[in-house]
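Comments concern the structure below.
By written order: A, B, C and D. Residues from 1 in each chain.
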Amino acid sequence: MEKKIVHAPPTTTLEELFREAHSAKHRAYCPYSKFRVGAALLTTSGKIYSGCNVENASYPLSTCAERTAIVKAVSEGEANFQAIAITSDVDAGYCGPCGACRQTIAEFGLDIDVYLLNPQNECKMFKFRELLPFAFTPRDLQKTRATHDIID
Amino acid sequence: MEKKIVHAPPTTTLEELFREAHSAKHRAYCPYSKFRVGAALLTTSGKIYSGCNVENASYPLSTCAERTAIVKAVSEGEANFQAIAITSDVDAGYCGPCGACRQTIAEFGLDIDVYLLNPQNECKMFKFRELLPFAFTPRDLQKTRATHDIID
Amino acid sequence: MEKKIVHAPPTTTLEELFREAHSAKHRAYCPYSKFRVGAALLTTSGKIYSGCNVENASYPLSTCAERTAIVKAVSEGEANFQAIAITSDVDAGYCGPCGACRQTIAEFGLDIDVYLLNPQNECKMFKFRELLPFAFTPRDLQKTRATHDIID
Amino acid sequence: MEKKIVHAPPTTTLEELFREAHSAKHRAYCPYSKFRVGAALLTTSGKIYSGCNVENASYPLSTCAERTAIVKAVSEGEANFQAIAITSDVDAGYCGPCGACRQTIAEFGLDIDVYLLNPQNECKMFKFRELLPFAFTPRDLQKTRATHDIID
């Protein structure tokens, strides 16, 4: 399910992507953490899907902004992504996506660009492969299985 | 966060809600379970948000159709719901939503109507309170805490 | 995977189960919610496994006391349960388990007794089937699938 | 919550850790994926806690071997870890832990050694920081928040 991204998105597309991420942050439902996060996902077809964190009184049922954006896209029939922008209210430095979101991204390819934004719209970019080295991917489930191990 | 639903949605709205649930099922990303699920959520403002299940090679990172629809709505600023329709490919009888989805619904109110649909568009309706009795809700987090228990 | 529970556990066993639930609460790792929960699970073979909630800075990666106890038991080879006791610091009334925990319990059978305890060790008992009516269970995945729906 | 690990565990401890991981794999409850995983966690106090994956008919309620081991340890009062060993039935190469497990590990420190084992007990070692670069950690929640962003 991997694909190559040869060209970076045009500047105007990135500007729109970043604006959508900031805007989504304002719709965060996070009465428990009070930690607002916004994300915007750019498909290879050029569409943008945005998301925010949506929490739950039973904390494990909460979900992140990045995953909200991803399930939104997939449920609209889009599963090829070229970039994701992520922002929070953290003022200094940048926050990386959590491991669960990295795993969710990995399902749909390892060649996405990850833009971390601060509230001033400054950004730091990572190649996704830098963020989840030695990823567990759909291919792992298809690998040949041993019939014995050192115990049996 | 509860609200009262006085009137059932008009028939044409329900028809559209059901159609959206079936349609969303066709966009399910479920290469592991091969169990397609579609959901459509009706807000009290009359909007419909649909969702499908989106799975992951690391199974716990999968999410359900109902939760996809809910985070989609919340991330668009809608958090008051009057009905949800849910369907799968199961031919005989109806499948209830999983407990995680019930918990996610409960966060936004306990007065939503739950319509379970089969592939022939026949339905079975539950009041949400019937499906998650004695629910854990945002109110539980605000209850007075004891300063001692039988141990200390 | 269902099984019938004919006899209630003896009083001394229940007393020990309750004590284990309270005790586990004191080991809760919940720096975010500050909502301590303890659970103790009684297997049909008479063993007790206890658990507490274990939270994460990325809230969705948190897990509940009940699920901690369940995975502990299963990972020790025990998957038949007759009772679970659950407690928190909430002083008045009783808190029900969240929907995700109900779903996790349902995987291993629907005939477990659920004891909700307050800090004073008073309890309220539910039959599990009362807490997750019309449950989604392993059987649902095995049901016959329709080859067409109203859309195709 | 970080801590420095100065000395590698002694060889006999590692041998026992690896054996526990293999052994735990045999207790995996994975009727859906049929992908058995075992993990064993070594605390800085020298104790070993093992875990396996525990799945659910509602796939998102499944949990991984690594997280089973972690919640087991935490619920027994141990939250300082020096090494984790992980194994599956995959014959060739090694499978990395999923992103959700990496996030769960990160909560308790970034200096743990991760040993990936194949069924023949050969291993590949990673420093945890290599597996989750730019991790989201408890510190992120405490960072100063901006009072404005480019939108408001």
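The definition used in the following text is that a residue touches a chain if its C-beta (ideal position, glycine included) is under 8 Å from a C-beta of that chain, and two chains touch if they have at least 3 such contacts.
Just so you know, these numbers come straight off a predicted model, no measurement behind them.
Colleague: Between the options A-B, C-D or B-D, which interface matches A-C on more than half of its contact pairs by residue number?
Modeller: Copy of the A-C interface among the listed pairs: B-D.
Colleague: Could you please state the distance in Å, as a whole number, between where the Cα atoms of chain C are centred and where those of chain D are centred?
Modeller: Going by mean C-alpha positions, chain C sits 24 Å from chain D.
Colleague: With chain centres taken as the means of their Cα atoms, state the distance from chain B to chain C in Å.
Modeller: About 22 Å separates the centre of chain B from that of chain C.
Colleague: On a C-alpha centroid basis, what's the spacing between chain B and chain D, in Å?
Modeller: Here chain B and chain D have centroids separated by 32 Å.
Colleague: What are the residues of chain A that contact at least two other chains?
Modeller: In chain A, residues 32-33, 55, 57-58, 61, 63, 98-100, 103-104, 106, 136, 140-141 touch at least two other chains, as defined above.
Colleague: Linking chains that touch, what shape results: line, ring, star, complete or other?
Modeller: Basically all the chains touch each other, so complete.
Colleague: So in the complex, which bits of chain D are touching chain C?
Modeller: Per the stated touch rule, the residues are 24, 27, 29, 31-32, 50-52, 54-58, 61, 63, 67-72, 74-77, 79, 100, 103-104, 106-107, 136-138, 140-141.
Colleague: Okay, in this complex, where on chain A does chain D touch?
Modeller: On the chain A side, the touching residues are 19, 22-23, 25-26, 33, 35, 87, 89-93, 95-104, 106, 118-121, 126, 130-136, 140-141, 143-146, 148-152.
Colleague: Using the touch definition from the top, list the residues of chain A that touch chain C in their complex.
Modeller: The touching residues are 32-33, 55, 57-64, 98-100.
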